Every structure is written in structure tokens, then in C-alpha cells.
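Each of the next two complexes has chain A plus one other chain: chain B in the first, chain C in the second.
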Partner chain A sequence: MKVVTGIPVLDDLIDEIPNGKTLTYWINPEVEGDVFAMQTIYTNVEEGLKCAYTTITISPESILAEFEEFGWNVKDFENFEIVDLYSEYVGYPSKYKYSANPLKIDEVCGLLKNVLEEFDVIYIPISSIIDVCGDESISCIESIFKLVKEKGKVLITSFVSWPYPEKIKKIVGDLSNAIVKIGGIHHRVILGYYYGLVKVDWKNVKSKSILFKLVRPGGVRAYIPKILVTGPYNAGKSTFVHAVSNVALSVDRLGTTVALDHGHLEYKGFSIDLFGTPGQERFDPILRMLGKDALGVILVVDSTKPETFPRAKQMLESVTHFGLPYVVAANKQDLSNALSPEEIRKKMYLPEDVPIIPISASKGEGIFKVIDALLDILVGSWKEGENEFEIST
Partner chain B sequence: MSLRSQLEDILKDLKSTGDIEASAIVSRDGLLIAADISANVNAEAFAAMSATMLGAAETAMTELGKGIPDRVVVESSNGKIVATGAGEKALLVVMTSPKANLGLILLQIGKASRRVEELLG
Partner chain C sequence: MNMGVQESILPGVSLKKGSNIMIYGPTFAGKAMFTRTMFKKFVKAGYCGIYVLTRESAEQFIDWFGEEYDSNTVKIIDCVTKSMTGDAKDTEAIKRETVMNLTGISAKINKFLEEFWRKGNRNIILVFDSLSTLLMYLNLQTVFRFLHILTGRVKMTGAIAFYIVEEGMHDEKTIVTLKQLFNGMIEFKEENGKKFVRFVSPFTKTDWLEIHVDEGGVIIT
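Right after this comes the complex of A and B.
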């Protein structure tokens, strides 16, 4: 049987989840991550595989309603079953064929093992089970992981990374054959969500992060982040876009950008679209249009022309009104009269924590440090957890 | 006769076609060269956005391997805008009433743009 994740890009990376393997969705508590497991289960239900979805802290009815909300009518499939650990937990008799009282961990363990015998793909919310059944449930979970391997089934789990004991995190992390981490992009508020493969032990895969939006109905949809490159006239925005991009095109006339520059960049596992704006005041309506839905801003300034800084700041204000993160690229550092980043910070009255990166766009110097700085702000939380797992190579 | 008044004459002749509410000759980088526009229209913005529109359309078309487009026509229930190249340095943009006869107007715009091209090179 061929089991897939049903998640965009992820399936292209890993092809399938081989029989006997466990894939864990490692979810940051700030993110609505249940949908990943639901999408995986539904995709395989549609393919005709026997799938079971375990619920413990949410009623089966709510789970089914949520499936429905995403347009996944699992109820209509005979090869789908709910494993109900909820009803008896709250003191109701269960209507479902597979149910147990989660306060009796042996009962739960026995049930899950039976389900594993009967079904091809099963989903277990590990962290919720630990929440309800306590730390002692971890030995049951360990035995289930082992059984999956023995019986050649596929286990999908979710682990919401609250501060559980390190021991538990390590057990779950080590036993999972693949881990997909799901987190948020922060800057004062959460700007977006991403998921990324951080571990897979059956294939050589480069780590990749994908930004996503939830669509109802539809589920997880990958999208490409848009970064706005703006700055005063003649600061070198187009040169910058062309220098960092794999492919780029410009709409420029008589040496100045009249509509936009567009560049696409594959960098550190991210697909990024760069949109360069015109710099002259008469094009300001375009600036606001291009700024919509951007995830970050790169402000390019000519370090030799402090008289253009007020305009630079005004442009920044008009595109960052929603609190978008930004970095400043101090361009033309190859010229002798260029101001240093700290002089620019002083002259522009920029906060201490705003990165100002010295670059020479025409010589291609320092340009990727600008992208790094912006990614750092955007996915800083991702990096903190980077060493949590080893990515097998 | 100054270059400017010669260009303005071209716009005046164009207006005699009828149904033309405003017209302008704009440098490719979006600066106003000559205009026949009523005072309640922001001529500078009209000029800049015309250059943006035509520039973006030209790039979109050439990227698809379909060559440089002859013109961009934008239609709304309140009127039409036609932007066309007038040589390498300039473009001609015209705003019409909603019921304008586009066929006749396109013909006149074609003639006018060639005259602009001759003057501006």
C-alpha cells in the first residue's frame, strides 16, 4: 500500500510514507496544526486505505464537523473510523465501535493495538494522550511505535511541543521516522505559518520550509512569501533584485523602474518572490498596491546620499503600516563617500534592533546577508529549534 | 513653433475626433510632456500610471514571446483609456467617453503617435 501525506510539496520531497514508518507532526502550540493530520488521513481514506483517527480531548462530533469544514466528508467512507477516547473520559457511553476509557491506560493501549491490526493508517495525538493519561503513557506509546514497524502499518502522530520533559520529547523524536515541524512567523504578531521537514530516515532529502495558509474548504495550501524591495530613486533596488534572484525581470524605461521589478529566489529552502517598487514619488500608488500581502520589506538606500533618507523613511512608513518587519540595505558601500551603517542609523533615527546591512548591489557584495537578516526576523523561531533534530543526509 | 506647442497641436487635432475627454504625451519613465486634461484630473498621476500600465503590458507580452503590443486598452462603464507607444522615448495616452467609437479613435491615435514619434525621435 502506498501512503502519502497529502500535504503540498511534502509529498514531492518524500514520495510516500513507507510501510512500517511513523510520521510525526511536531506542532508549535501557537499553530492550528491538527489539520495536517486530518489532511493526511483524508487523502489516504480517499485512496481507499483503511484509516483510523484517534481523538481524546475533542469530541468525535467536533472532529467530524472539522473534517466537514475542510470539505472532507470522511463520514461517508466505510474505510474510515473514529477511535473514541473522549466519550468515556467525560462520562458518556460511546457511540463508536472503537472506544476506551483513557484513564485506564492498559485499556487504551490494548484498543490502539487492536486498531493497528485492523487498519492501514492510524492517527494518534500523542501529546493529548500524555496530557490526559500522564507520563506513564509514554511506555504504551513506545510499544505502539514498535508494533507499527513490526506489522508494516503507517502511524501518523501529532505532538504539540509544550514544555514536556526532555525525556518524552526525545523518545517521540527518536521513534518518529519523519518529523514535520509546524510553526509561526513572528513579528510583534504572527504573520504567517510554515511547515518543514526536519527529519526523515528513509530518503535523502534537503530540508525545506514551506509557508502555508489554511483554506476552508481545502486544507493546507502552500504559498510563496512576497518580499517588497523599496527605497528612493536611484538607490539600486533593481540592481539588488537582479543580483540576488535566480530569475528576474524589470519593467524599466529610460533607466528607471516604471512598474516593478520581479525576481524569484530559491534560498535556504525557501521560495521567495521579490517585488521591487519604483522610487519616484509619482509612482507611489503602485507602491501601496505592491505592498499588499508582502511579508517583509527590504529598504534599499544610497549610502552616499543622506538627503534621500527622509524619502526612504516616508516610503518605509507607507509600506510597513501593518507592522511588517524590515531590514535596511545600505547600498553603494564601494564608493568612498559612503556612510557607515551606524551613521545611517543615526541620521535616519532607526531603532537599534533594525538590521542595517552594508552592501554593494552592483558588485554583489553583502546582498545575501540582507536576505539572511530578513529571514532571521521572520523565521527566528524556526532557527531556535533547528538543532532539536538531526536531519539525516 | 516650439516643440511643446507642436505636441499640443497634435493633442488638439486628436480631440477633434470627438468623444476624447483627455489626452497626454508622456515620457516612457512616466513624466508628463504635454497634456490636454481638465484641471480636476491629476495629470501627473495619470501620466505615471499610463507609463506603468504600458510598461507592464509590454513586458508581460514580450516575456510570453508575443512581441511588443500595439496598445493597451482599458475599458470601464465610465470610459476607456488607450495607451500606445510613440517612439522609444514617449507614449500617447487618451481617455474617452464610454460610448466612444473605438475603431475610429484607434486609427486617429495611430496617426497621432507617429507624428509624436517624428517630433521626439
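Right after this comes the complex of A and C.
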């Protein structure tokens, strides 16, 4: 039997989840991540595999309704079953063939092992089981992981990374053969969501981060983050966009941009779209429109022209209104009268924590440091997390 | 954008942005009504609000809120309806979750925060009514982990949040553990048929103030 994840890009990377393996969706607690396992289960149900979906903190009816909202009519398939640990927990008799009272962990463990015998692919929300049954239930979970390997089945789990003891995280991390991390890009609030493969022990793959949106119906859809490149007239925005992009296009007339510069960049596993805005004031409405969709802002200033800084500041305010993080590219550092980043910080009254990167867009110097600085703000937490696991390459 | 707003919650007490406050007292002391009245006052003053309900439905809350209810500025997470019927529909402003599904609650709060934030709203109030309901279904450790993340987010966002806890329903250890997460507490008591409230934090303690509670709201005398 060939089991897949059903998640865009992931299946291209890992091809399949071999029998006897466990794949864990490792979910940031502030991000809606249940859908990943649902999508995986549905995809395999459709392929005719026998799949079981365990629920403990959500009623089976709600789960089925949620599947349906995504357009996945699992109910209509005979090869799909719910494992109901919810009903008895809240004091109702269960209507489902497979059910147990989660307050009796041995009963739960026994049930899950039986289910494992009967089905090809099973889903268990590990962290929810720990939340309800207590930290001790990790030993039951350990035994299930081992059984999966023995019986040659496929286990899909989700682990919401609440601040559990390191020991628990380590057990789950070590026993999972593959880990897909699902996280948020945040700057005060969560502005976007991504997933990425951080561990896989049956194949050599390059790690990759993919931004996603949830679509109902549809499920997980990958999308490309937009970064806005803004700044005063003649600061070097178009030059910058062209210098960092793999492909780029500008609509210029008489040397000034009259529509958007658009560049696309593949960088450190991210697919990024850059939009350079025109610098002239009459285009400001476009700026506001773009800001709504963007994930971050690069403000390009001409370091030799302090008289343009007030205008730069004004442009910054119209986009940071949307709560977007930004970095400043202090351009034209190749010219002898260029101000230093610290002089610019003072003259523009920028807070200490705003990165100001000295660059020369025309010479291509320092330009990727700008992208790095922005990614660092956006996905800083991601990189932290990366160190938790070995990525096999 | 009005960054300076620091609505007062009791005479002489105003909160810094990013504060997490426990609302603590015996049942029927007027905690819920006090908290709602305060929430409404914040919203009227230009705040955006998120209300997490575990004891009544979104519809009941909106009824109470009355004509001033605006789904653009007041968002509700209803943890009652779904546990009972399972098929109530979500809307832009009302999301339903079962009370044990902390991941769902957490993700939904964050969705609303993002929405406010992207619209340029920086003044945000959050109410969790109540933690005691969560503790009926989930152990202290689990609830603590959830709150650890949530209070951290409130701090980072510069919102102001209130969490209702019933006195007398939990053991001492629970209360002590929860208190670590909060910057202060609005405490309630009832004596000789009269209701009182005060504010307590590591740095200040106000006198007890008498309050009058009815269906419409709370008046401090």
C-alpha cells in the first residue's frame, strides 16, 4: 500500500510514507493545524486505504462536519472510521464502533492497538491525549509508535507544542520518522502560516518552508509571500528588486517606475514575491492596497539624500499601519557622501531594534543581508525550532 | 491611532497595555457582570474586543450587549453551543469550539488578533469567561500550558486581558499556580448582602468598593 500526505509540495519531497513509519505534524499552539492530518487521512481514504481518525477533545460530529467543510465527505466511505474518545469523556454513550473512556488510559491504549491491527493508516492526536490523560500517557503513546513499526502500518499524529516538559517533546520527536512543522510568522500578532519538513529518516531531502492558507473547501493551499519594497523617488527600489530576484520585471518610463516592479526569488527554501512600489506620491493608493496582503516591508533609502527621509518615513507609516514588520536598506553606500546606518537611524528617528542594512543595489553588495534580516524577523521562531531536530540532507 | 489610552478599570486603577488580570471571587458576587460592563466600556471607548464564552452562547451574549453590538469590533469564541449541538455555524465574528479544544480556542483568538491588527487596531481587550469551566474538563497542568502561551501573546500584542476564576471551586494549589501568570487581580466579596470589589497586584491594593449589580450592568458606589 502506498500512503501519501496529500499536502502540496510535501509529497513531491518525500514521495510516500513507507509502511511502518510515523509522520508527526508538529503544530505551533497558536496555529490552526488540525487540517493537515485531516487532509492526509482523506487523501488516503479516497485511495481506498482503511483509515481511522481518533478524536478526543472534539466531538465526532464536529469532526465530521469539519471534514465536510473542507469538502471531504469521509462519512460516505466504508473504509473510514472514527475512534471516539470524546463521548464517554463528556458523559454520553458513544455511537461509534470504536470508543473508550479517555480517563482510563489502559482502555484507550488497548483500543488504539486493536485499531492499529485493523486499519492501514491511523491518526492519533498525541498532544490532546496528553492534555486529557496526563503526562503519564506518553508511555502508552511510546508503545503504539513501536507497534506501528512492528505491524508495518502507517501512523499519522499531531503534536501541538504547548510548553510540555522537554522529555515528552524528545520522545515524540525521536520516535517520529518524519516531522512536518506547522508554524506562524509573527510580528506581535501572527501574520501568516507555514509548514516545513524538518525530519525524515527514509530519504534525503532538502528542507523547505512553504507558506499556506486554509481554503474551505479545499484544505491546505501553498502560497507565495509578498514582500513590499518601498521608498522615496529614485532611492534604488527597482535596482534592488532586480538585483535580488531570479526574474524581475519593471514598468519604467523616463527612468522612473510607473507601475510595480515585480521580482521572484527562491531563497533558503522560501519562494518570495517582491513588489517594488513607485516612489512618486501620486501612486500612494497602490501602496496602501498592497500593504494589506503583504507579509513584510523593505524600505529603500538613498543614503546620500537625507532630504528624502521625511518622505521615507511617511511611506513607512502608511504600510506599517497594517502591522507589518520592516527593515531599512541604506542604499548607495558606494558613494562617498553616503550616511552610515547609525546616522540614518538618528535622522529618521528609527527605533533601535529596526535593522538598517548598508547596501549598494547597483553593485549587488549587502542585498541578501536585507532579505535575511526580514526573514529573521518573520520566521525567527522557525529557525529556533529547526535546531530541535536533525534535518537529514 | 490612540496609543495612550489606558482605560481605568476601577477608580484610581488603570492598566498598562499587555496586562493579564485575574477576576476572582465567589459565585454570584457579580464578577461576570462586572467584567462584561467593563468590556463594553472599553469597546465604547474605541477598543476591539474578543470574548471567550464557556457558560452561555454567543447569541445570549449579543442579546445582552444590545444595539451597540458591532461584529467588526466585537468577536466571540463560543465554547458552549458546539459542545451541545455540534452543528452551529461559524460566522466572521462568531467562532464555536468545544471547551476542551484548547488548540482551536488558541488558534481562533490569534486569528481575531491578526484581523484587528491588520486593520490598524492596536487597542484590544480580551475576556475569558471562565477558566473555571476549563478546569472542570482539563487538568491544571494542561490549562496552565495553554495560559502560558495566551498570556504571552497578550503581552506581546499589548492587549489587555481578563480571566474569570470562581472562588471556592479550586484548591489552593490551583489558585497559586494560576496567579503566577497574571499581573494582578480584581477581587470580589459578598458581605451582609452587599457586594464589594478591589484591585490587588504585587505593587498596590485598593480599598474595597461597594458595587451594585443588575442585569444591565454594574455601578460602583
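Here is the rule we use: the second predicted complex is superposed on the first by the 387 of 393 C-alpha atoms of A that agree within 3 Å, B and C clash if a C-alpha of one lies under 4 Å from a C-alpha of the other, contacts with A are read in each partner's own complex, and residues count from 1 in each chain.
Rule of thumb we're sticking to: a residue touches a chain if its C-beta (ideal position, glycine included) is under 8 Å from a C-beta of that chain, and two chains touch if they have at least 3 such contacts.
Just so it is clear, the model here is predicted, and its values are computed rather than measured.
Chemist: Considering only touches as defined above, state whether A:190 meets chain B (first), chain C (second), both or neither.
Modeler: The answer is second: A:190 touches chain C but not chain B.
Chemist: Of the partners chain B and chain C, which touch A:249 in the superposed model: first, second, both, neither?
Modeler: Once the two structures are laid over each other on A, A:249 reaches chain B alone.
Chemist: Looking at the overlay, what does A:260 touch: chain B (first), chain C (second), both, or neither?
Modeler: The first partner, chain B, only.
Chemist: For the overlaid complexes, name the partner, chain B or chain C, with more touching residues on chain A.
Modeler: Of the two chains, more chain A residues are contacted by C.
Chemist: Is A:32 touching the first partner chain B, the second partner chain C, both, or neither of them?
Modeler: Touch status of A:32: second partner only.
Chemist: With the two complexes superposed on chain A, say which partner A:57 touches: chain B (first), chain C (second), both, or neither.
Modeler: In the superposition, A:57 contacts chain C only.
Chemist: So, does A:280 touch the first partner chain B, the second partner chain C, both, or neither?
Modeler: The answer is first: A:280 touches chain B but not chain C.
Chemist: With both complexes overlaid on chain A, does A:135 touch chain B (first), chain C (second), both or neither?
Modeler: Only chain C is touched by A:135; chain B is not.
Chemist: Is A:168 touching anything from chain B or chain C once the two structures are fitted on A? First, second, both or neither.
Modeler: In the superposition, A:168 contacts neither chain B nor chain C.
Chemist: For chain A, give the residues common to its interface with chain B and its interface with chain C.
Modeler: Chain A residues touching both partners: none found.
Chemist: Provide the residue numbers of chain A that touch chain B in the complex, in ascending order.
Modeler: 249-256, 258-260, 278, 280, 282-283, 285-286
Chemist: What residues on chain A touch chain C, complex-wise?
Modeler: Residue list for chain A touching chain C: 27, 29-34, 56-59, 61-62, 65, 89-90, 127-128, 130-132, 134-135, 160, 162-164, 184, 188-191, 292, 321-323.
Chemist: Considering the complex alone, what residue numbers of chain B touch chain A?
Modeler: Listed in rising order, the residues are 27-31, 44-45, 47-49, 51-53, 55-56, 58-59, 63, 89.
Chemist: Under the touch definition given earlier, write down the residues of chain C that touch chain A in their complex.
Modeler: Within the complex, chain C contacts chain A at residues 1, 82-83, 86-87, 98, 100-104, 106-111, 113-114, 116-120, 137-139, 141-142, 145-146, 148-149, 153, 156-158.
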